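Structures for review follow.
Both complexes shown next keep subunit A, but they swap its partner, so subunit B is in the first and subunit C is in the second.
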Partner chain A sequence: MILNICKEFSDTPGARYKNEGKYSGEEFRDDLLQPRFLEAEANNEKLVIELDGGYGYPTSFLEEAFGGLARKYDIKKVLERLEFVSEDEPALINEIKSYISSARDKK
Partner chain B sequence: MRKNSPEYKLWIERRNKKNLKKRTKRKLAKKRKQSSLSNYNREIKKEAIYNPKTDNFTFTAPLDFSIVNNPVETTGFFNKIIGFITDKRNFGKKLFIDISKIQSLTTDALMYLLALVNNLSEHFANKYHFSGNEPTDARIRKLFTESGFYKFVKYRGTEPLTHSNDNIQIVSGEQYSNDFAKQLTDYVCDKAQTTKENCKFLYEMLIELMNNTQKHAYDNDNLLFPLWYCFAEYDSQSSVTFTFMDTGSGIPTTVQKNFSERIDFLKLKGENKYVISALNGEFRTATRQMHRGKGLPKIREFCSKGVIKNLHILTNKADVIVRPSSYDGKDLQVQLRGTLYQWEIDLSQLKGAQI
Partner chain C sequence: MNGKKSLFAVIEWILLGLIICTGIYNAFHNDNFWVFSLPQVLTLLVAIILAFGAVQYKNDERKAKEQAEKVVEKIQNIVSQKAFYTFPINGDPEELDKLTRISLKKISNCLTVLKDYSKQFGFVSEAEYIEGEYKKFNDLFSENPNDLDYLSKSERLLKNYAENIDSKCDQIIAKLYK
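Then we have the complex of A and B:
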């Protein structure tokens, strides 16, 4: 299963929460990422996230979308289920994985 | 009670004492009121020049009207206006901002002036009438006109307003604006003749800064609404300079402090240390959530990589210049209300640039 953020969501992602502005990480997670993640879980397949094509991903967007998913479900489960593709910015993949791995609520 | 009896005399004495006490109290109150009024008049005279003909209080801008280059005088000038505005006794007065004599100007000062004139909170808005003049120096007046200042205030001049293709005029907003961040990224890509893939850092940085305005920039005494202002200018040395400002509490006020820092009333630690600490990604987020507070460290990373240059941050008393692998930090004598970021992008250094 493939999810292309730029084509299916927006090429200009915003910040963290819906109430802060357009195309937030929370909006992306609730409307697209989480349903696809659950679908991929049900079908026992990988969810491939395509990251290329956009103007950039603010850290708060990435953290809320992927870190937020890991806080809701399990860190290990999310890491296993998601696969990332980025030819423009390969370092972004490790950055997202670090947000997932360190997804905790409080200090 | 019979007149001239000892009881009557005692009563008279008691009554006289009581009346004397009352009279003294009234006299003192009157004296206090008069002295506070004369103090107030003296204070006002120190801050502004009153023109009885126009009924205006004139505030004269420093010759070098720039927060970045002349922070003490320029911030002092704004603090005088703030002091005047926040004094309830001045409600209803007219303020005249005199910038006619300035010899140099940067847009950060104009942004701050706009914030004071344009986004006073409802507690202070409509309580004052602002007016002003233009710089007399032709070169500075051109910069002033082309900055977009007149998009925010009423223009009563006769000369037609000009717009330069080399800058993006001042834009202001409350929430982050994906469209404006995109517009600025496209502008840089266009000037460098490169693709947006090579300018992603700028889009990400702008969204983080705009969003910080909402999260961290609330003003303690509600003088100003938390808004951001942004301006970009292309210069002949093939670089683009960005000026971004928010008018809130500032980073040192909003970061999370440990116990020893909270009781550091004498500010021995220095406010610039808090900014450096937040840039270094030490746990400083006011939300106290581990997964937050990653925006400023990311911006620091862009400086280390060299994609942005000469990042200068002025917030409260902190004055920090971010170098690729170090900081130049100091504390100013005056306090800036808000946060000012200024940075440059060397277009020739951008990946894929064809200039």
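Then we have the complex of A and C:
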């Protein structure tokens, strides 16, 4: 199962929260990432996140999207279920995994 | 500098000429010149291989340093441009957003390569420092990538991060050729 952020969401993802503008990390997580993650879980398959094609990802977008998912569904589960592809900016993969690994409950 | 290079070139050619002349002389006047024992041949072969290996290693190291320097200069070319950290209040927010993201992506990719070189040439702490300042810049920009009012007010801070990166790049280049 593949989720291409640039094609299915935006080539210029926004800030962290919905109230900060369009294409936020929160919006991406709620509308696309979470449903696909649950579908991948139900089918017991990997969800491949394709990061290429866009202009770049704000750090707050990535943290809210993927860190937020890990806060909701458990870090280990998210790390096992998601796979990342990033030829344009390879360092993004480790960056996202670090957001997932260090996800904490937000107050 | 050119005079010195020319002098060395002349000396090299003179030495080469002397060696060739000596070889030719011995070939015609020394009956034992072409008589080799196996240990002599092996010794000569080992010496040639080692000398070749040493020269190649130095060449490869020099080329790698030149490549590392190019990567550092790529980063400097980006961060030293005013357009990187300046967001005019009357600018096109979407256009400025895209341009900044492209620049940040380029720096990120340069850093990936630079970290490998840093282990090879001993500037790990400098590379980590640059990564830290880059991350601060990226985090600050990312909070409100389309808000020119916010970004223009943050210019001083963004400029500070950019200049810190630029200065540290200078230190890396100095270290490469120490």
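Quick note on the criterion: the second predicted complex is superposed on the first by the 105 of 107 C-alpha atoms of A that agree within 3 Å, B and C clash if a C-alpha of one lies under 4 Å from a C-alpha of the other, contacts with A are read in each partner's own complex, and residues count from 1 in each chain.
As a working rule, a contact is a pair of C-beta atoms (placed from the backbone, for glycine too) under 8 Å apart; a residue touches a chain by one contact, two chains touch by 3 or more.
This structure is a prediction, so every number in the text was calculated from the model and none was measured.
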Combined model on subunit A where subunit B meets subunit C, clash or fit: clash
Contacts of A:S10 with subunit B and subunit C, given as first, second, both or neither: first
Which of subunit B and subunit C A:G21 touches, first, second, both or neither: both
Subunit A residues touched by each partner, larger count belonging to subunit B or subunit C: B
Which of subunit B and subunit C A:T59 touches, first, second, both or neither: both
Touching partner for A:A91 - first (subunit B), second (subunit C), both, neither: second
On subunit A, positions contacted by subunit B and by subunit C: 12, 14-16, 20-21, 54-61, 88-89
Footprint of subunit A on subunit C - complex, ascending: 94, 97-98, 101-102, 104-105, 108-109, 111-112, 135, 138-139, 141-146
Contact footprint of subunit B on subunit A as seen in their complex: 10, 12-16, 20-23, 52, 54-61, 63, 67, 71, 88-89, 99, 102-107
Residues of subunit B defined as touching subunit A within the complex: 175-179, 181-182, 185, 196-197, 199-204, 207-208, 210-211, 214, 283, 288-292, 294-295, 298
Sites on subunit A touched by subunit C in the complex: 12, 14-16, 20-21, 54-61, 88-92
